[in-house]
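In structure tokens below, several structures.
First chain A sits with chain B, and in the next complex the same chain sits with chain C.
Presenting the complex of A and B:
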């Protein structure tokens, strides 16, 4: 059985695994974007909070993924729970870092103009700083997503969902007929998901960046 | 560059006591390892667990893990930095976008997939894990080297040329020195990444702490898994800390 025959004959399994892979990454990235941007909004002006939140999220990213996933087993069990928690935790650093950098990088004269128009601090933050920082925040989310797609493959070892199951299946049946096909299907499928996510972010970028910013850059 | 000259050059930064910040990581790591030791001691280990967690086994796994990481990183340095320098030269500018694209796409290839595919070509063992690790870490270092050399201010290069330096001298004494922070940042990231991916080396029978994690999971012996996971994480933190120290020591004084 060659590779294309394998993909055709296992299409149901593969497409389900791919869907789950995308879903688990999507949910994790959604949660950590909401929390991460929130933390960034609160912490960008407080040096101490900012330092602590960045240090903690950097520390999380230092923990090897297989170690974090297995350490979570006693707490969140095998499967979706551990996978989601680990993926969400890993995504914080790029998102918080870019949010803080974006919010702090806004030209002081813009902020002053907003204040001069009689906006409150919160309104300046939401109406001036956030839209101007948005391209950078989106880049952070995109980087985090690419990273999570790769890590999610390892989650299959703790019974997580996704295409990683195909890779581990290939590994455990090393030498048998479809071992290489399964590994290739898992690996290439993950690359395809990564490319699709990238296209998605490209579209989001085009749609959500204010027109004024796009024209300028 | 010797430590002596560096030490002499930075008396002021010593006065500011950056020591406390650098002491936090080792102190915390010692605490975590002591806690692990105490916790394992308090646990009622059965024969499988106590056999998997003897001093000899842990030491052997640590050596395997660190060996894998260091050899892979050394190979990455030898391969990626010269290639990055070549790619940064003006006449090679055309391949810059190609390298950037490949480096970004390469990150999307899951490391476990890469390792298993290497196994099909090379069989199981240390070399396979090494090839996978190197293939995974080469691209980020190469990209950082290239970008680091390219972003050197053209005015500085012009000044160097005006002083009569040859191309080789400019590269060695201006461009590379100024690119050191970027190169080191890339290397540090690669090193921490490699420690993590080396855990997966256990899947292809290359040893390391990953073996404890996997065996513990397979035999349903949680203490073994947790010991493996905590030890891997400790190595990662320790290496990241060393990288931070090295970054600060090797940074050219002017910057």
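Presenting the complex of A and C:
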């Protein structure tokens, strides 16, 4: 059985796994974006909180994914739970870091002009800093997404959803008939998902970055 | 908010002090100042003298350590800072236009904060754009990054004027533009202020700019101590001390000439004025002197008669010098003045 015959014969399994892979990454990114941008908004101007949240999110990222998934089993069990928790936690660093950098990187004169016109601190944050930081925040989310698509493959180890199952199957039956096909299908599937997510973020970028920031000076 | 007699409201500063924690000396130390309604007062002084800090205490971007600020008789420190700032125009050197908003949205910001209706804001934005010589239809929907530096500065001034505030604070608003644009903006601004009569505090370290724009100038020393507070003409004629004189520079009398117009001086009718170099009535006396020097003569023709070197001396209050001796060079008929400019014409104002 060659590769295309393999894909056709296992289409149901493969498409379901791919869908779940995208879903688990999408949900994790959604949660970590909401929480991470929130933390960034609260912490960008508080040196202590900022330092702590960045340190924690960086520490999480240094834990090997296999280890983190294993450690989560007693708490969130096998499958979706542990996968979602781990993926969400891994996405925090790029998102929080870019949010903080974006908000703090806004030109001081903009903030002074806003405050000088009688905008409250919160209004300056939401109406000036956030829109100006948005391109950088979006980049952080995009980087996090690419990272999670790869890490999600490991989740198969704790019986998680996604294309990782194909890869692990191939690995465990190395030398048998469809071992290579399974691994290849899983890997290519992940590449396709990554490309689709990137296209999605390109569209989001075009739609949400204010026109005034895109015009040439 | 604020009582308004003219376009502006008076500002009083009483023992205004800012002492940053951990600093040995206050940044601004007991400043007392009265700014009459409708006048443009320039704070001029070297960098770090506390002029900007003093200005920022008036809209409370810097909270005073002690002292009082009254605008139109109202105690500024008892008001909510954000509410206060919506009634004080604010323009800064970096302009600080929001790049993600259109020009129209930038100018309409304060009216929106004040809860004006959309229609009223739109009318006001249009009015302001034409006030600062930008065509509303061409600029309303453009973004700040599409504008030149000078155009951005104009939008910055329009934005500061948006809610028709009685008081405006301007921190070197023309400082970042090239000299030609800068002069252009200054001239426009002088005209605009003649029309609006806002009470304006204008901070600069450029004494020329201070003379050009100010109804009064406050020359500030370190810790915002006021070395002299007077009209440009009086400061140039009678600097309070060496510090002020040093700030004016060595050409105080020329600067005074620059403040006066040809039309302000009595010009005698004399025969033969048609052959003299001509100067326009709205030119400054400094320009008239330039014309005289350039043509090697001590008189030039103006629309109302003949302007003499003696008249320039009188205009700056120095003794009219003995008529400069003129002698012919060779057989040529062009008169050349050989007498040096009398010391008196350079004036004691230099303080040396």
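As a working rule, the second predicted complex is superposed on the first by the 215 of 217 C-alpha atoms of A that agree within 3 Å, B and C clash if a C-alpha of one lies under 4 Å from a C-alpha of the other, contacts with A are read in each partner's own complex, and residues count from 1 in each chain.
Convention: a residue touches a chain if its C-beta (ideal position, glycine included) is under 8 Å from a C-beta of that chain, and two chains touch if they have at least 3 such contacts.
None of these values were measured; they are calculated from a predicted model.
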{"item": "Fit or clash - chain C, chain B, common chain A", "value": "fit"}
{"item": "Partner chain(s) touched by A:107 [first = chain B, second = chain C, both, neither]", "value": "second"}
{"item": "First (chain B), second (chain C), both or neither touched by A:59", "value": "first"}
{"item": "Chain B versus chain C as contact partner of A:117, first or second or both or neither", "value": "second"}
{"item": "Touching partner for A:213 - first (chain B), second (chain C), both, neither", "value": "second"}
{"item": "Touching partner for A:47 - first (chain B), second (chain C), both, neither", "value": "neither"}
{"item": "Chain B versus chain C as contact partner of A:132, first or second or both or neither", "value": "second"}
{"item": "Vertex chain A angle, Cα centres of chain C and chain B, expressed to the nearest 10 degrees", "value": "100"}
{"item": "In the superposition, chain B vs chain C on chain A residues touched", "value": "B"}
{"item": "Nearest Cα pair across chain B and chain C, whole Å", "value": "21"}
{"item": "Interface residues of chain A shared between complexes with chain B and chain C", "value": "none"}
{"item": "Contact set on chain A toward chain B in their complex", "value": "59, 62-68, 70-71, 73-74, 146-147, 149-151, 153-154, 157-158, 164, 167-168, 170-171, 174, 179-180, 183-184, 186-187, 190-191, 194-195"}
{"item": "Chain B to chain A touching residues, read off their complex", "value": "104-105, 107-114, 116-117, 119-120, 124, 192, 195-197, 199-200, 203-204, 210, 213-214, 216-217, 222, 225-226, 228-230, 232-233, 236-237, 240"}
{"item": "Complex contact set, residues of chain C against chain A", "value": "59, 61, 82-87, 90, 92, 94-102, 109-110, 113, 143-146, 159, 169"}
{"item": "Chain A residues within the chain C interface of the complex", "value": "107, 109-110, 112-120, 128, 131-132, 210-213, 215-217"}
